[in-house]
Amino acid sequence: MNNLYMDQISWVEYQQRVEAGAVVFLPCGATEQHGPHLPLGTDALLSTAISADVAAKVGGIVAPALAYGYKSQPKCGGGQHFCGTTSLDGATLSALVQDAVREFARHGVKRLVLVLGHYENQWFVAEGIQLALRELGRDCDLEVMRLEHWDFCQEQTLEDIFPDGFPGFALEHAAVIETSLMLHYHPQMVALDKIPDDLPADFPPYDMYPTRTEWVPPSGVLSSAKGSTAEKGARMAGDIAEGIAAAVRHEFALES
Amino acid sequence: MNNLYMDQISWVEYQQRVEAGAVVFLPCGATEQHGPHLPLGTDALLSTAISADVAAKVGGIVAPALAYGYKSQPKCGGGQHFCGTTSLDGATLSALVQDAVREFARHGVKRLVLVLGHYENQWFVAEGIQLALRELGRDCDLEVMRLEHWDFCQEQTLEDIFPDGFPGFALEHAAVIETSLMLHYHPQMVALDKIPDDLPADFPPYDMYPTRTEWVPPSGVLSSAKGSTAEKGARMAGDIAEGIAAAVRHEFALES
Amino acid sequence: MNNLYMDQISWVEYQQRVEAGAVVFLPCGATEQHGPHLPLGTDALLSTAISADVAAKVGGIVAPALAYGYKSQPKCGGGQHFCGTTSLDGATLSALVQDAVREFARHGVKRLVLVLGHYENQWFVAEGIQLALRELGRDCDLEVMRLEHWDFCQEQTLEDIFPDGFPGFALEHAAVIETSLMLHYHPQMVALDKIPDDLPADFPPYDMYPTRTEWVPPSGVLSSAKGSTAEKGARMAGDIAEGIAAAVRHEFALES
Amino acid sequence: MNNLYMDQISWVEYQQRVEAGAVVFLPCGATEQHGPHLPLGTDALLSTAISADVAAKVGGIVAPALAYGYKSQPKCGGGQHFCGTTSLDGATLSALVQDAVREFARHGVKRLVLVLGHYENQWFVAEGIQLALRELGRDCDLEVMRLEHWDFCQEQTLEDIFPDGFPGFALEHAAVIETSLMLHYHPQMVALDKIPDDLPADFPPYDMYPTRTEWVPPSGVLSSAKGSTAEKGARMAGDIAEGIAAAVRHEFALES
Amino acid sequence: MNNLYMDQISWVEYQQRVEAGAVVFLPCGATEQHGPHLPLGTDALLSTAISADVAAKVGGIVAPALAYGYKSQPKCGGGQHFCGTTSLDGATLSALVQDAVREFARHGVKRLVLVLGHYENQWFVAEGIQLALRELGRDCDLEVMRLEHWDFCQEQTLEDIFPDGFPGFALEHAAVIETSLMLHYHPQMVALDKIPDDLPADFPPYDMYPTRTEWVPPSGVLSSAKGSTAEKGARMAGDIAEGIAAAVRHEFALES
Amino acid sequence: MNNLYMDQISWVEYQQRVEAGAVVFLPCGATEQHGPHLPLGTDALLSTAISADVAAKVGGIVAPALAYGYKSQPKCGGGQHFCGTTSLDGATLSALVQDAVREFARHGVKRLVLVLGHYENQWFVAEGIQLALRELGRDCDLEVMRLEHWDFCQEQTLEDIFPDGFPGFALEHAAVIETSLMLHYHPQMVALDKIPDDLPADFPPYDMYPTRTEWVPPSGVLSSAKGSTAEKGARMAGDIAEGIAAAVRHEFALES
């Protein structure tokens, strides 16, 4: 079986697979507080693991993750006042993506998927893709898909996991979804005994700058992670990997 | 024993270690062809592994590596015409480093070491550090060390490994040093049987743009990797880790 | 009564009001297709009108709107393939906001509210604010609020207006909310007879670049604008203006 | 009759007019002190009003004005030390223009006129146009005219209005020309009773940084606005609109 | 007597003079067509020669000239379509000036004069100075003067040299003023026999992009250089050097 | 015989020579401390002089030097703490080179040689060339050579000049090579009596930021300049000029 990770294979092997039409997956993570029970690298670890699951299904390659992401915002990541959160300016992240897309196009890659694991990355990653495609011009036949992995959880799954109602993906920072996915993929990095008892955050419909740090639970966990299990993680991971694989096959006209 | 990797620990643990004075190591790698026998991620893999060895000695933390680096140049990395080599513009890399240094300073880190595993990164990483320190101003008490790991090989070691004379670090791309270090740290990623028979590259004392690709061996290996062994790798890795640890202790006035 | 618009008063009067503690409102709009029945300037027109309503309540000043915004995206604005949509790069918009915030701080403004009327502006405006505050440093006592106006519609209002279920703000592009608000504020610019019969857009949980234009109704209207009335607009405008005014009073400790 | 303002018409109507060859006018103003008697928005208000007059003559469309301009300079706008003056960095203004020109080209616009109402904008607007055309490449058939509106006043008009000699356009900041034009276009925004008695400014043939604020009259009016009338404004407005219309017809080969 | 040129003295001597309060002059030139009779380096050569004359009078130092300037414009330099004209983007020139000003401030220079010899440089040089001073902050006591050298010609001198009326400095590109100054300072670089017979350029009150090259005399000379003499050059050079020296003494409170 | 310097010839003559295939040389220097015995402009002076020697051999043109270069680093130029050293940010230098290369391509230049006289310039100049060629696209037939002049000293020459062993080019800052070359080209600018007695610098295999100024000899001379002579300079200048001329002829297929 093929090694899925671009950084573990030689350029010769990479070239062969790209010439054969392999889809390249670029995980876009962050280095960001995820409460006292999850590691700082959660977003890159999950987007890489999910990329690998999908790549295995569709014959793809996983490029090295972008390990740093856009600035953490209070309502979806706790905010920039946390120690350990290590973030990029928007222009830096867009440039990073633009450079990477330009290079994959040079390699001859025709199908590129950016798998985002950090909510705040979305717009600056999208801008980087658009700047790259504008620069590459109309003759370039690279097509790019961009997604946030959690959007592929099935509705029924969310209903089963959140019988009292789903709080929404933004508030799910370091909460049941991410904790369960980490229990599925990297259980040794989860400290279940450190899940805090903080009440869920309750944000007003606006943002304040400088950050009103009192809005954010001191733990950095925006809604409760209690009830996270590896089983829930496995179910969501299954939804996500299958959903992305189906989207990839559909959009890139791959044989299933 | 402590987990050495920042992305595997929580922000709470990271904060405690930083407050206790931990040195932070930031590996700066690349995604670049390293011949048919070494993986594309060699530079990030080696700078991360070496950072971990040093961090274990001095009580440090290894931040997630910068997995993409500055453009590969013919004389030290083969050049940008290779498939798989995935590089950043200089301004992108400098911004990435500037952002990271700014964030580590916000965390309260006082001692930061950038461990470079890709020759081409040197000047743009140095620029990023200098831009960050200028921005942070005179009141900031962060001190930064920057190094290329191979410069810590002992002279005697190089003499023993290269009895016919050391070709210099630039030409050592994907050759005996990197191959031996990979055999030491990641033997499963080395395909010894694929080491090419190309003659060493012989470059004139100038550069041409666009790249004269005929100057570069088609394999991307700039001098022979024949004779690489895990033992040589272990010896060099020992030199390097001990040398860097000694430098860190000396410059940052740590107790040994 | 005071003139609410900064561009219609002299610098002397502006200075007096700012010294008296006036809140400054900066509408952030766009020039973007809004279907065949709404004008290209809808986002700037609405964010300006709402800013004026709130300014009248709290003794504020409305700065000239940013009339151009970030690139239209298929899922919330139809996308960049429409004629008439005139958009900025992300870095341009962030710089525009950073410059403006720097200048308001120089004026002595202590309370600034950015009122967004274009969904796509959110992250680049937020980045501009954050870059400005970082540049201004810790001694600056400017506080900035950023909001999207529609988030202040009361839940009950949305339930009454959308008895069959609210499609969400993104899909509401050029639909009932914006059309009704325009009928309330600028009825002469609405061509009710041109509301298209397109079915609502149905987007997958990912984005494709270049834009899959076939995903977007040819009219540019993402869900139906049928049923829009000035009365609905008035009710929502009331919710929004009162909601923002309350938020402003609360966060900036103004007397109500 | 057609609505002249792009922000008040739908994209469908805009597209039809552009396909029929309409000239697009982009007013480039500023938010800048104009003495105690004129509003902060004078430059955008005048360049928009003049654009509309010309558009009415040649069948054009007026795009939303750039409401913020380049930094005010002491000798032509009073300088950056005035409260209310809200300016952009040069690179921001150039980027704004570059983005707008790129978008008008995408729309299929062939004839674009940038109507400047703020002296300081000239070079950064010119740079933005040139950067856009370089980016668009040789195949682009967009032609751009750039002008400062006051340059179209007839010599005889200036002689009649300034019987004691014309002080030059730079010193005319917030003085007779701009005050009379505002009395013509927006009389309700002019406070004739607040025209100051300051002596005209007298500048040496060099500039000093930081600004020598003592060089600038405290009112911000660089030469006297006494004697401004709506009639003078009407006469100049007539010169300007006819002059620009003639230039547009000549350069763009329109039928008169 | 002191060597006036910074690039010809050691850092030790430079430091001594700066500590003694020396004024530093930075000539800002261009590499631009100046007709068939003047060299491409005219602007840098003249601004350097004039800087040296002034420095000799006030005890100053002449820094190495910026030899490349902002893009040539048709109305004042002929335009960018001439071979040999070698120009910078506006952002590059501003950055160059910002970097230089930051460095002179670090040296302890308190009095800096930017002597411009290229009309098109003005606004981008001014922007660079302003960006540098903003970055340096309020504690910096560097004062900067910026000037175009020709503005120091006495009125009487211009009347004598142009008995039929002065065409204005913009049209004086490669004409009597510059040719006479070159005959004074660098006669061996002037080819009087190659002065063209082109009629003076006659420009409309607007600009067109792309450049209407037919507006510009094919020689690049915007008004006639006939009648240029070294004597006229000497008289103007005298005016200019004395005028700048007086301004420098006055603004920087030097003893005369 | 032809005048070699671009800034001393007219655009007409320049155009003729470029059309005839002339090689253009762009010297890239610095304004940097070179000890108490060499002038601040050493790097630009030497790269210009050498360019002229080569241009004379191959029928070339010497463009005006870039007189300011990248930031001085302790190990090769002493560092940024010296008074007089006047440096650019990396992005500024790259932009300067990118702009220049774009312009030479517009002129029709096919053969461009960047002659570096400042070690720290290398990577940012290389980046500028690469950015320019990427922008110019595949249809551009400009070829660029980049070199550091000292790399053309013959091995035998170095052995003769350094009988005790060559310390390497980095440490040769302001030492025997540069001093001897200056004695050859510009003897009047060398103060042999001021050559310091500092011991050579001894740097560890890493860099520290902020600069450890105690690592650098207070004079700024990194190894001894004693023993410098004009004869040694002449011999090296001969090697260099002949070496570069041979390389130029070879790469650009000129007749010798």
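Every chain is named by a letter (A, B, C, D, E and F) in the order it is written, and numbering of its residues begins at 1.
Note that in this section a residue touches a chain if its C-beta (ideal position, glycine included) is under 8 Å from a C-beta of that chain, and two chains touch if they have at least 3 such contacts.
Going by UniProt, the chains are A, B, C, D, E, F = Creatininase.
These numbers come from a predicted model, not from an experiment.
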### Query
Counting one step for each move to a touching chain, how far apart are chain C (Creatininase) and chain E (Creatininase)?
2
### Summary
Any chain touching chain B (Creatininase) and chain D (Creatininase) at once appears in the list none
## Note on the structure
Under the touch definition above, the chains in contact with both chain D (Creatininase) and chain F (Creatininase) are E
### Query
Same interface as C-D shows up in which of A-C, A-B or B-F, over half of contact pairs matched?
A-B
### Summary
By Cα centroid distance, the chain farthest from chain D (Creatininase) is B
### Query
When the C-alpha atoms of chain B (Creatininase) and chain C (Creatininase) are each averaged to a single point, how far apart are the two points in Å?
47
## Note on the structure
For the pair chain D (Creatininase) and chain E (Creatininase), the C-alpha centroid-to-centroid distance in angstrom is 29
### Between chain E (Creatininase) and chain A (Creatininase), distance of the C-alpha-averaged centres to the nearest whole Å
55
### Message
If a residue has to touch 2 or more other chains to count, which residues of chain A (Creatininase) qualify?
### Response
80, 89, 91
### Successive chains around the closed ring, taking chain A (Creatininase) as origin and chain C (Creatininase) next
A, C, D, E, F, B
### Partner chain B (Creatininase), residues of chain A (Creatininase) touching it in the complex
5-12, 14-15, 18, 31, 33-41, 44-45, 63-68, 80, 82-89, 91-92, 95-96, 98-100, 103-104, 106-108, 189, 191, 194, 220
#### Entry: Contact set on chain A (Creatininase) toward chain C (Creatininase) in their complex
70-71, 73, 80, 89-91, 94, 120, 122-124, 126-127, 129-131, 133, 143-147, 151-152, 204-210, 243-244, 247, 251
